[in-house]
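Got some structures for you, see below.
You will see chain A twice below: alongside chain B first, and alongside chain C after that.
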Partner chain A sequence: MSRPVHASVTRALVADLRHRLGAADPAPPRLALPPVVAPPARVYVARRPSLAPGAGSDHTTALLGIGHVGTRYATDVVLQFQAELAVAHEAVAAVLDDGWAADHGFLPLRSRVADHREYLLRPDLGRRLAPDSLARLQASAARDVDVQLILADGLSAGAAMAAGPALYQATADACRARGLTVGSPVCATFARVWLEDEIGAEVRAQVAIILLGERPGLGTGDGLSAYLVYQPALGKTDGDRNMMSNLHARGTPPEEAAPRLAALAHAMIAQRTSGVGLDLDRVEVAVERGYRAPQVRARLVDTGGRP
Partner chain B sequence: MTVLEPIVPTILSMRRLPAATPAVLTAYGADPARHVSLGLITCDQDDALYVALDEATKHAAVDVVFARSFYAGAAHASGRLSGEILGVLAAAEPQSIEDGLAAVTACLAHDACFYDADGARGVTVFPHVIGSLGHYLARASGLPVGEAMAYLVAPPLEATLGFDAALKAAAVRAVKIIAPPTETNFACAWLTGERPGDLAACAAAAAAFAEAVVDVAARPRAR
Partner chain C sequence: MELAATIRGVTYRFASVKELLGRANPPKSGDDLAGVSARSAVERVAARAALADLTLAQLRAHPVVPYEDDEVTRVVEDDLDAAAYKAVAHLSVGQFREWLLDGATTGATLHAVAPGLTPEMAAAVCKLMSNLDLMTVAAKCEVVVRANTTLGLAGRLSSRVQPNHPSDDIDGILASAREGLSYGCGDAVIGVNPATDTPASTAAILTALDGVCRKHAIPTQHCVLSHVTVQMKALALGCPMDLMFQSVAGTEDANRAFGVSVALLDEAWAMMKAQGTAAGPNVMYFETGQGSALSSAAHHGADQLTVEARCYGLARRYRPFLVNTVVGFIGPEYLEDGPQITRAALEDHFMGKLLGLPMGCDACFTYHARMSQDELESVKVLLGAAGCTYLMSLPVGDDIMLNYQSTSFHDIPSVRRLLGKRPTPEFDAWCEAKGITKNGAPGPRFGDATVVA
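Right, the complex of A and B next:
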């Protein structure tokens, strides 16, 4: 709009003229300022590199023993945290590919959720089957089975696609090895844990086991969880369920998890209960927990060895 | 000696008439068919306000319908708010008046003003250069809109020597020279470059004019 203050042609030419006539303003006297005290010089030195082999971080991937530089975290710790958080965000945002279930030999089912956003916002819709999925299940699934295994995306579709089929197959084989009949393989999209109640009840299974991608932690977007319930039916609560979490390479690997899940299912049928009613002392221990090497934090950011 | 100190003009009054009656519009030269709102300003420096009103026509859809100096200047005003000029902007709606008045205020604060030629405000000079004419002064001077113009004002004798110095100092020609006495008893000249749009020539002429006025103020009876 208006021209800037200094753009006055007349002011400029008059200032120039004043200078030529020797009438320019003398420099104003200096202002007396109090002396400025220099801040104390402090140099922070990291005591030892963070995330290095040390007391706490040898045995856990938790954020222990991460050190500090002055009053803040070391740069590599901050970068690692942001990278791990990004892994978790990516896992939650993943969606099971269309046709993936059918391609891998599963009967594709879907909850009443319409899209991924609704899946995150409406857990209640994720616990019930869509009408067409229910009809498909009724039409083609085996009934009156001992164990109904369900693979589902949960909150990490990537984990379900990567590790799901192997764990599913291993668990089904372990159940059959114990003489239990296993239902038709089904895979549910946009599924919450309680979806196993409706599916299990529909096929009249003794035990329903749902294997689904678990809510990601820092840097673990690849974990699966298994929830088991005896005599599944709508209205079962979490008190009626047993579960195993962290089914991934750095937690419980699938080859250890499958025999334990089969043992749990077997015990449920034997004791005719599940959840808090199940006496875990009488569950036959399928696999002794062997030596596990110290966990090593997967470095997602390379800082060239500098903290 | 401190000369050529800017004397910042004072806006003595500034009022709006959002919807003026046709009789008032007509009396002040506005056209009731096109104009509805008026903005009225009095100022203690007439030539600075003429320039500022022209500046307003470049920033808003306003017309300068009335601008007249008062006899004998601000020192002999009819009231403490009269100053030495009344300027009237007219527009089709009040917002244009607001925009125009804002441009006038900015121009008076930062651009157009008289300068002290003798260090005691006994002699003042207005060596103003307009880089680009608005349509008000363009119509008054007969120059095209956007032309550069030097707007030079000083007391009678000082101005006369100043005009001569200005016309000799650069490639400029006189558009109009108003010999004294005017309403305020100053003398005024409008100069423009011999080549169209020669802003540098106008600036050189204005500087020569101001220097001549300062010289007369310092040595009024020099041979």
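Right, the complex of A and C next:
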């Protein structure tokens, strides 16, 4: 039996329903579309109101004065952003070369981490030395020192390799200038901050300072952070530590960071504590803030003369 | 009390309420790291089935850290509202979920019940809820607080301007703050994370922010997010301070790692009530985030969602003006990717609101987590739809000091327009008067930082 060809049954039902409800057709009357006037090939140039004298836009690399299209970004801003994001992701993926530490005069050490993904997912393994590294440290590092400095990859091996040796040397010099003894140079791969506890305890340092690559920022990956702890030992927590971050040209440059780190180490030994217990008001550090170049954010995407 | 459920003839048994809570949690890298997560997808469902049959009274009787061992548990237990608790104590977690979702259960009722709920109850029901469940209930909760302005009203979405700078350069900080204000951001707070944690720098930044707010009569609050002890010293120096901040954790041991205790927070709150510059009564600001306790090995074998809920149990003691989870900041070892961060953002917002807090969220990722910018933008809309009290706002979402990606000055007006939301009433009127907005849409001075030059 074939179905009657009555596609209009539903239509009739709906028409009857609308009639009974006294409702009009819910679809709006068809409007004539407006003629499309060709829009100008306009470039949404960044408005730079913050360039007014003293407004501070040359004091920061924050992306200011970029304007808007409706409530969103101009196309150029989107492309710059995506390029910066790609740079950050590449910085995270970098790995500290095995031979690099030895070539630069550091005793090479490794945490218990096997590879980069494990480094990201297993901070517990990054806080302890691999057995062979522990043996190497025990065999060749100086003991009973005032300060043990440790260079480490952290989340930016690139920053550690590019900026690490200079900051390490400057900090060691600043410590010695205060009469503090400094331990053997060591460099750790796949290292977390708390790795300084085991290394520092092993060499019986009064203060351990780890200088490690910090999480890359947008478009960057060149920053180091420093974490200091008094009488390093397994079991110390973040509250036991003092830290300085953004050790790079846009934040605190090495020539300012090194004397500050030495002053903190000196104060920890004098006050016999670190972290929240350290009275920072009594940390004397004479750092004249000299001339600072205007803060500029590099454009990554060359748009071939397009603004 | 037997903790077990059977699926296809296999019976799964759980040794304790704490173990059950961990096994019932959705997948999180941090729970894997702690060794508390389900060992299979089926075991996870079995744990949820067993959890659904526990009563709220049983959860109260089995906090994940014992009363004798932990001051956060003691704060929760000692401050619990007996009448509110009694009303729902008999419900199983499964029934509690249904009661929360029931259309007859209003926001006012949820607000009345909040003081009778323990963090473990909020965490338990959270584990039985899908993302849309979490949004549906959270959107019912209205938590209104006041410092200088009124936050958390229905139909509002507020934001913190976060003008951080890697060397605390005051001019640089103010340049970012002005830009944010010109996009209609900053009605929750103008809050700076300082690079240097000293009383002098905290006071200097606060004084500068206060100058801008006074000059342009901006109806908002200011805050510098240094350690609470540093802010107390800054306050003693006599600087203006509308809100006092501290990161808090869900166990006494984890708070010790942060350098805080209930006694210290009590002292800070008392000092702030006496010397803070906001009208109040809500003058405290707390940040939290899943995984922080585990990062200092202070989680006591509990899963990170439950420990996060306990942060809110502690925070509510101080009647805060702002509480937000910094959901993607901690890194992939705790929340590995976009789905985990998205889920955690909705969980934390839900639990905070359920426990009676004006909950905001820093929807964010670090560059070593597997989350795309598109996923992050989606989270902001989900949070807005769930009634999230406030989000962050930064230039292009880029924190040039803390190095992570959050919400941008452009995102806040975008989400507001999509969802039909406005800033706080006081700030809304200010934006309209300044020409930043016109009837809620971008106005003639939108994005023009000279409006607060």
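To be clear about the criterion, the second predicted complex is superposed on the first by the 232 of 307 C-alpha atoms of A that agree within 3 Å, B and C clash if a C-alpha of one lies under 4 Å from a C-alpha of the other, contacts with A are read in each partner's own complex, and residues count from 1 in each chain.
Definition applied: a residue touches a chain if its C-beta (ideal position, glycine included) is under 8 Å from a C-beta of that chain, and two chains touch if they have at least 3 such contacts.
As the structure is a computational prediction, the values presented were derived from the model and not from experiment.
When the two complexes are overlaid on their common chain A, residue A:Pro123 makes contact with chain C while staying clear of chain B. By the touch criterion defined above, A:Leu17 reaches chain B but does not reach chain C. In the superposition on chain A, contact is made by A:Arg250 with chain C only, not with chain B.
Number of chain A residues touched is higher for C, counting chain B against chain C. Of the two partner chains, neither chain B nor chain C is touched by A:Gly105.
Of the two partner chains, chain B is the only one touched by A:Val9; chain C is not. In the superposition on chain A, A:Gly65 makes contact with chain C only, while chain B stays out of contact range.
Common to the chain B and chain C interfaces on chain A is no residue.
Contact residues of chain C toward chain A in the complex are 29, 32-33, 163, 165-167, 169, 171-176, 178-179, 183, 195-199, 227, 229-230, 233, 256-259, 295-296, 331-333, 336, 366-368, 373, 394-396, 398-401, 403-405, 410, 413-414, 417, 442, 446-450, 453. Those residues of chain B whose C-beta lies close enough to touch chain A in the complex are 1-4, 6, 55, 59, 99, 102-103, 106-107, 110-112, 115, 127-131, 199, 203, 206-207, 210-211, 214. Within the complex, the chain A residues that touch chain B are 1-3, 5, 8-11, 13-14, 16-18, 20-21, 23, 25.
Residues 47, 49-50, 52, 54-57, 59-68, 70-73, 77, 81-82, 84-85, 88-89, 91-92, 120-124, 155, 214-218, 220, 223, 237-239, 244-246, 248, 250-252, 275-276, 280-281, 295 of chain A are the ones touching chain C in the complex.
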